[in-house]
Amino acid sequence: MFSAIFDKRHPQSGARPGTLVIPKEAPAPRIHMIRYSAEDMTATEVNHVEELKVAFDNQAVTWIDIQGYGDKSLMQSIGDLFELHPLLLEDVVNIPQRPKTEAYGDQLLTIVRMVRVERPGEIDMEQVSIVLCKNYVLTFQERYGDVLDPVRRRIRSGKGVIRQHRADFLAYTIADTIIDGYYPVLEQIGEHLIGLEDIVVTDPTPELLIELNQIKNRLINLRRGIWPQREAVNAMVRGDHPAICPEVRIYLRDTYDHCVQTSEVTEMYREMVTGLMNTYLSSIANRTNEVMKVLTIMASIFIPLTFLAGIYGMNFEHMPELHVEWAYPAVWITMLGTAVGMLTYFWRKGWISFGTSPKSSRTRRKVESD
Amino acid sequence: MFSAIFDKRHPQSGARPGTLVIPKEAPAPRIHMIRYSAEDMTATEVNHVEELKVAFDNQAVTWIDIQGYGDKSLMQSIGDLFELHPLLLEDVVNIPQRPKTEAYGDQLLTIVRMVRVERPGEIDMEQVSIVLCKNYVLTFQERYGDVLDPVRRRIRSGKGVIRQHRADFLAYTIADTIIDGYYPVLEQIGEHLIGLEDIVVTDPTPELLIELNQIKNRLINLRRGIWPQREAVNAMVRGDHPAICPEVRIYLRDTYDHCVQTSEVTEMYREMVTGLMNTYLSSIANRTNEVMKVLTIMASIFIPLTFLAGIYGMNFEHMPELHVEWAYPAVWITMLGTAVGMLTYFWRKGWISFGTSPKSSRTRRKVESD
Amino acid sequence: MFSAIFDKRHPQSGARPGTLVIPKEAPAPRIHMIRYSAEDMTATEVNHVEELKVAFDNQAVTWIDIQGYGDKSLMQSIGDLFELHPLLLEDVVNIPQRPKTEAYGDQLLTIVRMVRVERPGEIDMEQVSIVLCKNYVLTFQERYGDVLDPVRRRIRSGKGVIRQHRADFLAYTIADTIIDGYYPVLEQIGEHLIGLEDIVVTDPTPELLIELNQIKNRLINLRRGIWPQREAVNAMVRGDHPAICPEVRIYLRDTYDHCVQTSEVTEMYREMVTGLMNTYLSSIANRTNEVMKVLTIMASIFIPLTFLAGIYGMNFEHMPELHVEWAYPAVWITMLGTAVGMLTYFWRKGWISFGTSPKSSRTRRKVESD
Amino acid sequence: MFSAIFDKRHPQSGARPGTLVIPKEAPAPRIHMIRYSAEDMTATEVNHVEELKVAFDNQAVTWIDIQGYGDKSLMQSIGDLFELHPLLLEDVVNIPQRPKTEAYGDQLLTIVRMVRVERPGEIDMEQVSIVLCKNYVLTFQERYGDVLDPVRRRIRSGKGVIRQHRADFLAYTIADTIIDGYYPVLEQIGEHLIGLEDIVVTDPTPELLIELNQIKNRLINLRRGIWPQREAVNAMVRGDHPAICPEVRIYLRDTYDHCVQTSEVTEMYREMVTGLMNTYLSSIANRTNEVMKVLTIMASIFIPLTFLAGIYGMNFEHMPELHVEWAYPAVWITMLGTAVGMLTYFWRKGWISFGTSPKSSRTRRKVESD
Amino acid sequence: MFSAIFDKRHPQSGARPGTLVIPKEAPAPRIHMIRYSAEDMTATEVNHVEELKVAFDNQAVTWIDIQGYGDKSLMQSIGDLFELHPLLLEDVVNIPQRPKTEAYGDQLLTIVRMVRVERPGEIDMEQVSIVLCKNYVLTFQERYGDVLDPVRRRIRSGKGVIRQHRADFLAYTIADTIIDGYYPVLEQIGEHLIGLEDIVVTDPTPELLIELNQIKNRLINLRRGIWPQREAVNAMVRGDHPAICPEVRIYLRDTYDHCVQTSEVTEMYREMVTGLMNTYLSSIANRTNEVMKVLTIMASIFIPLTFLAGIYGMNFEHMPELHVEWAYPAVWITMLGTAVGMLTYFWRKGWISFGTSPKSSRTRRKVESD
């Protein structure tokens, strides 16, 4: 269950800075380019890096979306074309990086982590690097598929504000969409927690604790993405990079609010998981208590009776009771009396209940009235 | 029990900024307008948005209170009339937002969370957005009904300072009233905790732990409202927005104090809930201990006696004791002696008490003297 | 036990700012005035507010001490006479306020919390508001009686530095005296903790846990007074209010040190209470362990023996052992051997000790040598 | 297991500042010098301190690597040659120091901690002091052997950017390589944790807890190196020491990111160890519960039956049942009925399962579906 | 055990500032004066305060060391001679003060806490106040004896740098020596913790928990000295008091590093004590589990057998088995079969082991390989 958290990829010790470490399983890059202005819009699949040169044409905003990074020379030639700093390119390729915002000359790199729920209980995390320049946006994604289709639709439709704005608004829209993608993931975890809430009391198995630990680790993992994202977005809002105009900063303030909100929900869920774990432990203790009560009641009632029976099973020659006619029924009556006495004692202690126990009823009223 | 905390509404991923997401169950807006100056005061139910134009008349202060937001076009036309920024309107409608204070030109948006105890044990939380401009205040509420009636009465009565001041004092009064609404809610939780304090020791059932977890979650939820409110009010006090004059800032400092006080009480209650949970767990452990003692006492006394009885129930031919006349009473005396010996041993250990135990009496004195 | 912490008084929701909420049980104000200069000193009981006007005479320092606030109109007329800001008067009367220092024009309001041990185990907390102006100090106390008698004596004696200084030194002396009052209270709690330290191991009853929780809550409550006091005194030291001269700020730095020291001791005690609680829980676990051992030893020894006795209590016709003469003593020897074997096993495990156990002796040496 | 953490070396109390405390076991220094420029490169073993004077020749960058420090006079003469401040030399020799960056005139001292996994489960920590001046870099290592071979290879190969840059880039490369050395160490700990995850539930032995504590202590120890390293690297990035040019600061920003990332992973692992410890404790509780159930089931079934058998083992003369022919089979039937009744009761409670229990099945579905 | 922590001395409430509170048990002051310059050095026992006047002679540095403060008039006359501020003198005498650095005109007061291990397990804490002026240093110690002998030796020897410097270097040397005195104390605690590590698993007695609590309290107490010392030394490094020249500030930076290091070690030890406490609790739980297993195994094996024996101990007339010749051996075989079955069941569960258990072997391998 931990395996999702341990990320084994890391920069090779002592590697040249700017070295691109590309694992074998990285998918081959697919490049998709959208160019739009208020009036016009074109979308093309790009096969040759040279086609990307139109991005330098100031007339329109260009969004170049690169999914997959499994081709070192292609990545390098993109880096050369757009004059990306070697460290910027390294951050884009050498995954995972912490979410952050960093300025490289007139380019602004923002790294965020995109989450998607692929199957129930499986959260897919993917690094997205957004490079913003005056009139183009580059996005680098780890794998194919993303949550950005609504953005593409909005560009295509041509109605929204997006077509009226420049590249900075596009970058904002992409970051905002990715961050809003955390809500359904958190919601799913929330529903899972609701589902576990009762079971924790009624059926506390060790598997349940493992499950709770899994949720906790998932939340730790999400938090690792969300917390630095706060700072990254805040750096976009508060920074003074010329690529972002003041108007878009107001919009980014909203994105920052969502970052804060998701991080708060994550913390809240963590507190709840801790609460459920404590409830779990106390349920176990309660169970042991209950098991002990059954044992104690059974043993306390029958052990004295067995002793009594044992007494009259002795083979002494001189045991006058054995010859008394009413002795046997007397023993039975004594035994029943002892049993009833013990039962009454346990009932008084609240260990057994015949519908109404003198102790537990008061509480139950209390709890119900709430 | 968690359901109150998990808020499933969230911005749709990739939605256009400024998109108003209005759920079906949102109540239709009711608009109430109060206009007043030092001499005069009118209160009207508003049916057409155009009636609100009087708010731009500088002669009087106008308070426009919109309860419910279930009509997209109406909300949009109010936004158009008052030239609200699309993001401001989005924050107002797309509930829940974190409490915050944000400036949009000459308008100042403050979002707070209003709490009310509807039924015992049920806390109703509702977002209230306060838009302050030079001479009018807009308040947007999630649902009908609020805690602001005392404010309306004070405006009507005409005696207080409120009629002598401008819109900023009105905004302060509204925020202050909403924040003071936390006191009775916290008081109720406090009384609940007092009520549970004894039960935690005398009757620790699993239901009680669930109840404590509920209170804890409620406090977590309250805190989520209270903490950012501190910052929101502080931003009003320390900020430099021209809509709030220095005199009103002194009053807001008082509101800030109340925010701090409520947040402190919330933290204190959380510590107490944690304390009660620990007491609960230790009560369970104590109970198990008590159950074990009963079992151990019963078993330790009767198992050896039963063994003794078993000895003389054996059918060996050559058992000289069986033929001795005083053997039977001797066995009884041995048994009684053993039983008394065991009881003395347990009494010395403080496991059983006949009124006075040598161990527990010392402590009791100690505890009582305190 | 919580009741001391939950303060039910709070501002009425939606009340006019500056509203004085005076509970019925508030005692009627008693006004005591001390006027002094380096040469001269007079102390008077004040019955009419007009007598207080002498305070405006710059020749001497005036200390007006108002104990109790159960007379709204009197409080109002004092407020009018000294031109107190409505919010200042509200903070003075609407108890409890957080300790704080706030400037209102040339007046400086400092709110502190005075503690006194009235009876052992009962800590009395009372709000004291100190209003400092150029040449007078007003103190408002919640109830009659205080810890300020040493200050009065020092003024009367005329020997100390106090008579040579102005009103700011008087305000410092009052604040310092009140804060030094925390030391005996903390000392008492410390002694209580020492007293409980042994009992926690020797006699862990549920009542003890409740007592520990009480101490913890008392410390939480004290901390609520001490922490904001730090800031309040620091605001006097670092602030730039003209009513406090630089020389007195050096003295206040000393008071600030005491605030820090008391807050540190409070935190240390809280950690100790937590430590005692853990010891308590582990003592319970130890006890259960001990109980279990007794049960296990008794049962493990006698159950096999009883089984053996049961074997030869069977009534089979063909049981050759029954007819062997030495069978009965042989059974006894077997039984004794089994019992001795079990006892040896338990002694080896360290569960029972006859003076010296092979296991525990090593540790005991270790512990003693320390 | 703690021994790796407790470092017994510490400055002798009251020693003259600048005193070099060299333990006997410190290895004799080996000096290795690499001089390189864009065109040229030489590597030499240095036997006499005078040979190091070439470092003052501005034509090339010189890296002097001193491994081991077990020769006081040699260390002193190196210090004299390079005019190292006495405190700088003391920090280099008196190990361990906290990682830090400190300026001494035109020299910049950076102390980092190098980690290596020598054998599985054994982490070797070693202090490396990097002294950067305009055109040379001194590195002082505690012991022979390091992780810097890739750097030496890169200098030798002459292809990378390193040969084009000055000494500051070399210092950056060394620091970066050392910090990247934390990744494989953390990875190994991560894999260890994955391996323990199942065992914690299936086989919770006390040895396992000790093992978890060991990992925790190892993480605490790593953190002690990583946390101050963050500040040390940040001081290089943000500081204004002239020895580091702006371009290299951008590279160092990358190193800082790696510091943050490793510190985050360390914290995450600590949380996981805590999680595993809680799982461990709950597994123990579960085990006790399971043991109790077996005991309770066995005892609850057979104790009543034994009592019944005891009844008819009594030797009363007048026991009519004894003479009834079908009494014996009737007793057997009663006994079997009782046993089946008890078993049903326990099965209903979910204490025993014959493939399907009414209680546990629901949960299992739940857990599997996740 | 707490008694070492609770310090009962505290300023008398309402006392005149500058009041010297001298307890009766305070030892009479012994004054020792050392005067030195680069060439010369004299050490004298001082009997009359007037002898101290030579300190005002600028030619040499004077160190006046006052041990004990049990003579009010002497302390006062020293204060008068050196024109010490009343609050400075109060801080020196009214022990304990928090470690701090405070400027009084051209005098700089630094209060630190000196620790010494007098007997194993007993840490002696003593307040040392260092008053630094241009050319003299006053040190006030609580009791006779200190850790400063190495400093005195270094002054006497005349070789070190100390004789070349002014009073600020002397003050630095004293503070540095006192702070380095924490290392052996911490080391001793560290060794104690190593010693307890095994015992916590092998022999968890309640006394051990008390011992752990004692160590924890000792660490809390040490931390109370160490933490404010950090700030105090930092104030010397960063402050701008003219009595400390820039060169000495570099040396003090080193002292600050030691403060940070000792505080980190203290925190690390606290975490370890917490870890040991958890291990302790889990050992107790493990023990209970072990005890339970023995009971369960014994009871589960013999209770059914006893029942079987009980069956054939019944006295029914019509029990055909009793008359079958092979019945008795058959019962024995059944019994042995049952016992072996139970033992196999428990062995499978890993509750008992005959050298190799199918369960525990796997883990043991795992643990050993580490």
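The letters A, B, C, D and E name the chains in turn, as written, and every chain counts its residues from 1.
Following the convention adopted for this analysis, contacts are C-beta pairs under 8 Å (C-beta built on N, C-alpha and C of every residue); 3 or more make two chains touch, one makes a residue touch a chain.
Here's who's who by UniProt: A, B, C, D, E = Magnesium transport protein CorA.
Values in this document were obtained by computation on a predicted structure and should not be read as measured data.
Common partners of chain A and chain D, by the touch rule above, are absent. Once the centre of each chain is set as its mean CA position, chain C and chain D turn out to be 40 Å apart.
Our note on geometry: chain D versus chain E, Cα centroid distance of 25 Å, whole angstroms. Multi-chain contact residues of chain B (touching two or more other chains) are listed as 281, 285, 288, 292, 295, 299, 303, 306, 310, 313-315, 319.
Interchain contacts close the chains into one ring where each touches exactly two others, per the touch definition above. All chains form one closed ring of contacts, and listing them from chain B in the direction of chain C gives B, C, E, D, A.
Here chain C touches chain B in the complex through residues 1-3, 5-6, 8, 10-18, 85, 87, 90-91, 97-98, 100, 102, 104, 120-121, 192, 195-196, 199, 202-203, 205-211, 213, 216-217, 220, 224, 277, 280-281, 284-285, 287-288, 291-292, 294-295, 298-299, 302-303, 305-306, 309-310, 312-315, 319, 321-323, 325, 327-328, 331, going by the rule given at the top.
Interface residues of chain C, counted against chain E in their complex, comprise 147-151, 154, 160-162, 173, 176-177, 180-181, 183-184, 187, 190-191, 193-194, 197, 201, 250-251, 253-254, 257-258, 260-261, 264, 268, 271-272, 275, 278-279, 281-283, 285-286, 288-289, 292-293, 295-296, 299-300, 303-304, 306-307, 310-311, 313-319, 350-351, 359-360, 362-364, 366-367, 369-370.
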